[in-house]
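The chains carry the letters A, B, C and D, assigned in the order they are written, with residues numbered from 1 in each.
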Amino acid sequence: MNILNLFVLIPLVMLFALWLCRNIKQIRTVMVAGSTLLLALSVYLTIDFIALRSAGVTAPQLYCNSWSWFPSLNICYSIGVDGISVAMLLLSSIIVFTGTFASWNIKPQTKEFFLWYVLLSLGVYGFFITTDMFAMFMFYETALIPMYLLIGVWGSGKKEYSAMKLTLMLMGGSAFLLMGILGIYYGSGATTMNIHEIAQLNNIPTDIQYIFFPLTFIGFGVLGALFPFHTWSPDGHASAPTSVSMLHAGVLMKLGGYGCFRIAMYLLPQAANDLAWIFIILTTISVVYGALSAISQTDLKYINAYSSVSHCGLVLFAILMMTQTSCTGAILQMLSHGLMTALFFALIGMIYGRTHTRDIRQMQGLMKIMPFLAVGYVIAGLANLGLPGFSGFIAEMTIFVGAFMVDDTFHRAVTIIACTSIVITAVYILRVVGKILYGEPTNEEHKKLSDATWDERFTVICLVICVAGLGIAPMWVSDLINSGVGDIITNLRP
Amino acid sequence: MNYSQFFSMIPEVSLLAIFVAILIFDLVATGRYRRMFHAMVCLLIIPHVYVCMEFGGKEQTLFGGMYYTNSMIALMKAMLTFGSALVILQAHRWLRSTHTYYKQGEFYILLLSTLVGMYFMLSARHFLLFYIGMELASLPLACLVAFDKYRHHSAEAGIKYVLTSMFASAAMLYGISFLYGTTGTLYFDDMIAGITGSPMQIFAMVMFFSGLGFKISLVPFHLWTADSYQGAPTVVTAYLSVISKGAAVFTLFTILTKVFAPMTAQWQLMLYILIVASITIANLFAIKQTNLKRFMAFSSISQAGYIMLAVIGGTAQGMSSMVYYILVYIVANLAVFGIIETIEHAKEGEIVRDDCNGLYKTNPRLSLLMTLALFSLAGIPPFAGFFSKFFVFMSAFDAGFIVLVFIALINTVISLYYYLLIVKAMYITPNDNPIPHVKCDLFARISLGACLLGIILLGICSFVYIGIDKLTF
Amino acid sequence: MIIPAEYYLILATVLFFIGVFGFFTRRNLISLLISTELMLNAVDINFAVFNAYCHPEHLEGFFFTMFGIGITAAETGVAIAIIINVFRNAKSIHIKNLRELKY
Amino acid sequence: MEFSIFILAIPILSFLILGLCGMKMPHKAAGLLGTTAIATVAILSYIAAAIYFGAGRNDEGLFPTLIPYALQWLPLGNTLSIEMGIMLDPISIMMLIVITTVSLMVHIYSLGYMKGERGFQRYYAFLSLFTFSMLGLVVATNIFQMYVFWELVGVSSYLLIGFYYTKPAAIAASKKAFIVTRFADLFFLIGILIYGYYTETFSFTPTELLLSSAATVLPTALGLMFIGGAGKSAMFPLHIWLPDAMEGPTPVSALIHAATMVVAGVYLVARMFPLFIAYAPEVLHMIAYVGAFTALYAAIVACVQTDIKRVLAFSTISQIAFMMVALGVSLSDDPHKGGLGYMASMFHLFTHAMFKGLLFLGAGAIIHAVHSNEKSHMGGLRKYMPVTHITFLIACLAIAGIPPFAGFFSKDEILAACYNYSPAMGIFMSFVAALTAFYMFRLYYLIFWGKSHYEEELALYTAGKTTHEPHKPHEAPATMTTPLIILAIITCVAGFIPFGKFISSNGHAYDIHIDAAVATTSILLAVAGIVIATIMYAKGDSKITQAINSSMKNIINAAYHRFYMDELWLFVTKKIIFNCISRPIAWFDRHIIDGAMDMLAIVTQKLGNYVRPMQSGNVQSYSVWFLGGALIIILTLIYFA
């Protein structure tokens, strides 16, 4: 029995158990038990992985296993993890765990909500553990579609429009992606769907790579909020319920970056080297443009969504720089952004749940009314703008140092442009903090509001600890990621 | 001439036996026996699926090469029978209604005779047999479409169907006649020698193809589809949309690869145009539809386009993915129609999309099944439709139709949009007066349960595809 | 004197397209039915001619003609039955009554 | 020196304790906890200094650089990594003393000053955080660690400026401070990136080999780092945040915005001094010019401000500029051959921290007494606040450069270095020094002399013209006066410290000697400044003052508005960045990019309408399509297949 299978099995069991649940207590029990189990599992996996690595196991993938699935099409259910996937699994577990608490009081149709929620997380886990392109793609799409209902039913605002837009744009992206996957499969001689085997074959002709690299990259890039395919993100995040925003920004958007790295870059190295400049320009635009757009937003979630565009742009940016350091930074940034944004969205959700508005012009002085949430918000904001001691700083610094290692004017110039985002980030974060938290509370209605409840506190504290933990002690994550990144980089830069 | 050859066609003959049994039962049964009629038919037809698989699978050629069967064809027959059985199961409630109750037997007989026709279509290796089979598969369907005698829409749908069908068969025969004229034979196996790809043969091929295109309802031969689907009784629509389509697609594949092999370049271009037109135009129509059956008609046109993606390569992989697609399509589409049938009964009238508003509140299970079925149709994992679509795309990609696959993929996004509109209606749009809770009868439950299992398991459990793949060629 | 095959074929073609024309332009359901009969008859002529002139060694074409006539008769039967149904519901067999299902 | 870890550990622990459970503590406990912690750290620092300097010089005649702790924090690729550690060398030891001393004074002082404030515990938590960050900054073993703590001091400054978070001005000021310094940090970061890439290390002392290969880019890197330093140290034109930062509590201004954080830029340049002097002397001279201009600018502006804390803020800017100038005018790393500036700068940093801290704390006491920052609410306070008055006067004399107070010695060294660099620079800086004496004494007279605002109010009240009884100014409590006295004592004696013995540009001992000519000039100029100030302000608004005011109305008005620098920045940020860039981008995103996506959907929907006629419901037209379609396909196949 491969331990990785549990990541798919536990959600399946949870789905089944949820289906049988009769009341909210049982649902919560199932959710808490399941997500705790998953969290424990991923922590165990992380520790075990590090132990194996330090014991000198150098295979690129550990816990590998493969079962033939559709033999005539060379489709297997192959699983295996390297440092990157382990880190991503840990991130997913944390977000799923905290997301459960963040949606503690979700209404109505609690059971259905969690059913779709678990299905979503099933897709996410599956995506990270598999190494077969077909299986990855399957899990990828499995993770996307529950978003529609999660936003459409439990969302707020113009939820139907947003949900539809999000789903269609992401599915449009996966249409590109499917092209890319088929192109890779047939380009490499149609002998295997396993990404590592394809990478070893390394026989895709260059002209084919030129066609399918952009398709694959855009395909994943849509989910990674690549400019100009990012517009689903603000609307989608604004309408989504709290835990869905958390999961979406925290984990789902990472699928994009992970996929770009794992499939587009890894398997199509030649094209990646030759065409990277196009996407570097796009991602640089993403980074700066997202941040600048965030400045003049008035809806809290929009601000954060644009901030996500900027930060996820940085992930793709770093990946495209193709140095060991920048790619490590990209993974760190995924982790860090996942945790920070989850924290942010959790807090926004909690604030919105009380004030029933997300318009920053209508809120003031929340620090006095709900100090816990406000302090949490300040911490999240500081983490977001890259304060040392929080995860954002190490990720950004690793990226910038890594990006600067590419020694030519173009890369230098875009790196410096991307660097400016740290200032712009500070502007919009402090603008919000100043507007809504500080000052004297003016709205009489708001003065009666209460501070966080225990489940909310728990969510916030968990995430803050994770963000700070990663920021203060980055070495182990960095070590964890490094080997995984190294393999891919070797393939990219022979 | 050896008459024992007749008895070698086990699926056909046993189906005829069932046919006769039903006919006799219809004549003699009265009173409480009649109430068991439906159960009896179901009990007869369901084992027949097994009979097709088990006894029809032996590869053999009969009647001097006119009739051919092998395990793949047997599987197709079994699948069609299975689909028909699901349709019959769903028909129970409708058959109990006042105007149809007394002609219950006719329904079974007409339906089974079309099934016999399809068997012959599948097994035909001669154009005459093929033609007879195809007419046998179409004509009773016309009667079925017009089955609701007192409903104008039903009659209108029937007349549209029958007229277009006659027109199409005339066109097809015209094509066959030229094929005959240029090659001097009507046997598939012999004809290939005479196929040269001359303009006359291109003309003949396209005319011939238009007849089959009518059955598969590809654009531009599709225009009867929506009207007939809407007007026909829902059960019949379900049958039209999956079973008769499935048989036609399979036959088309056989003929294109067997007979027109020397003209591959031509028919591939033809299919290219038809696929793009079918998928795109059907999608554009579907976006605007509010009537659910009409909507499903356009959806099925677009699905037909996707099936053609498997045909266009003409490869073994295409064959298996096509058969697999048909199977998945049968369960998913029948699930949708089963649900439409059920809620139509509750509403007593045609279902438009707004009727689905808030359906989830009152009928959670039906809505969930509907959602899964629609997701499957849209190709969303982990449901079976995802796998079938993926394989179809793979086979077309394998054959080198990269741009075509891309166009089809873009269209899947549009199709997802309109499928989601229904999901949205059921889950999201608020409604003070949703359709009240509907209790399904046992037959419908069995049918929907089978569909549900199929939707969930057909993809993930790979042995189905592997099994199909083993039978290919 | 033997009539050349082309004459028959031209006749058949003309007949077919007369049928097509009739199908496109007539407004009465029975007329439409008759038009399709014309088309099918043209096909039957085709088969017979091809058999007699081009491939006289087998009788496949003639057989096809025979079956074609039979099936056409069946089709007509069904079609007329449905037309009667239409008449029962609409009290007319004019084609304009058949436009309720559209778009 | 292993115990040095506690110098960092104690403040951060104190921060964590106060931050996590401070709200549950009584004020007194929290204050005492913070103060005790910092007192311990201060003692540890003194011990460290004593041990370090006591150990004496090594064989090369240098104080050895000790690195008791260094651990790899974040590996960045094969060669680079960020380390965290503690590095002790003369300047970091000196900084430790400065920071812990001033911080301790501020902690004690705040016990009285902040008494009863809402968020007292939070205040102490932030102070601890700041102290930790600042200490971490000065003991940094490498430039990246410095950057890390650089950001942390930035944020603690942000938090402390915004301490009164319900006050709009404080919110704006904190935001401005953070963003302006962050903007400068961007350049710092880029400088670090360049530095790190070419020297393949972040440490302050790369190998010679790598350095020479990186020689061409080092000036750029160092120049960019200086911009970062200029942001923190409020050099023109990045100074705009500092005057506004006075919205924070006054002790915070004393600690952060006078004594410690704002000199981080100077410290940075001093840290990189060996590289500057070896590879980028021209950049160093640019620094000198920037510093000189800033010094003059700030001094002029300080002359006309009415808010006493603003005056002090501009005075700080001006004094820091002096330090920058001192570094900038260095010509070599040998103090005997034109490298005097380095030592002078550090010396001035040290003395300035003490007397400027004293000035701010004194101002705090005054504000505490009169509840206002405006000079118009003061005047004649010497009677009411004798201790504050005397200590303030000492500080004023020190900053004006009157012997034997500390400022004289350090400023004298700076001026000497300037004259050594070029006479023009020397004269210029001497003039600025005179201006310093002038504005400081203007401030002094306005506060402590002239007509008493309280008495005027009281007179009005007793005459029944106002109903509001004025608040009588009173001397501050002992918790506040004690630090004043201690700092005043230090100010008096610090000048006699043989500073050159400990710190000099090449590490060798250097004897400070007073250049008689320079000293005389500067004393004379300072006295002249004081005299002018006395004439103009000692008796309240004299005739001369009014005459001067009216004759130079435009200039004074412009100077009062700080030569409209704020307005310029506001224009750039609000009008250009917010309105002309951000908003259009947001609009563009919503309407063009998103519009394009929506457009796709709309077009698809519209196309749906266009195909409708095909499905007309007429079976005959269906057949036309049927046959027509077939014919088109036939033709296509015949001609294209």
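Here is the rule we go by: a residue touches a chain if its C-beta (ideal position, glycine included) is under 8 Å from a C-beta of that chain, and two chains touch if they have at least 3 such contacts.
The model shown is predicted, which means the values in this text are computed figures rather than measured ones.
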Which of A-D and B-D has more C-beta contact pairs: A-D
Taking each chain's C-alpha mean as its centre, the one farthest from chain D: C
Chain with minimal offset from the mean of all protein Cα atoms: A
Cα-centroid distance, chain A relative to chain C, in whole angstrom: 65
Averaged-CA centre spacing for the pair chain D and chain B, given as whole angstrom: 78
Centroid spacing, where centroids are CA-atom means, of chain A and chain D in whole angstrom: 37
Chain B and chain C, separation of their C-alpha mean positions in angstrom: 26
Contacts with 2+ other chains: residues of chain B: 159-160, 163, 167, 171, 226-227, 288, 417
Chain D residues counted as touching two or more neighbouring chains: 601, 612, 615, 617, 619, 623, 627
Touching two or more other chains - residue numbers and ranges from chain A: 168
Full enumeration of touching chain pairs: A-B, A-D, B-C, B-D, C-D
Complex interface listing, chain D residues touching chain C: 612, 615-620, 623-624, 627
Contact footprint of chain B on chain C as seen in their complex: 16, 19, 23, 29, 32-33, 36, 39-40, 42-43, 46-47, 49-51, 54-55, 57-58, 60-61, 63-64, 67-68, 71, 74-75, 78-79, 81-83, 85-86, 88-90, 97-98, 100-103
Chain B residues within the chain A interface of the complex: 317, 320, 375, 380-382, 386, 390-391, 393-394, 397-398, 402, 405-406, 409-410, 412-413, 416-417, 420, 423-424, 427-429, 462, 465-466, 469
Contact footprint of chain C on chain B as seen in their complex: 127-128, 131-132, 135, 139, 142-143, 146, 149-160, 162-163, 165-167, 169-171, 173-174, 176-178, 180-181, 184-186, 226-227, 230-231, 288
Of all residues in chain B, those that touch chain D in their complex: 159-160, 163-164, 167-168, 171, 199, 202-203, 206-207, 210, 214, 219-221, 223-224, 226-227, 265-266, 269-270, 273-274, 281, 284-285, 287-288, 414, 417
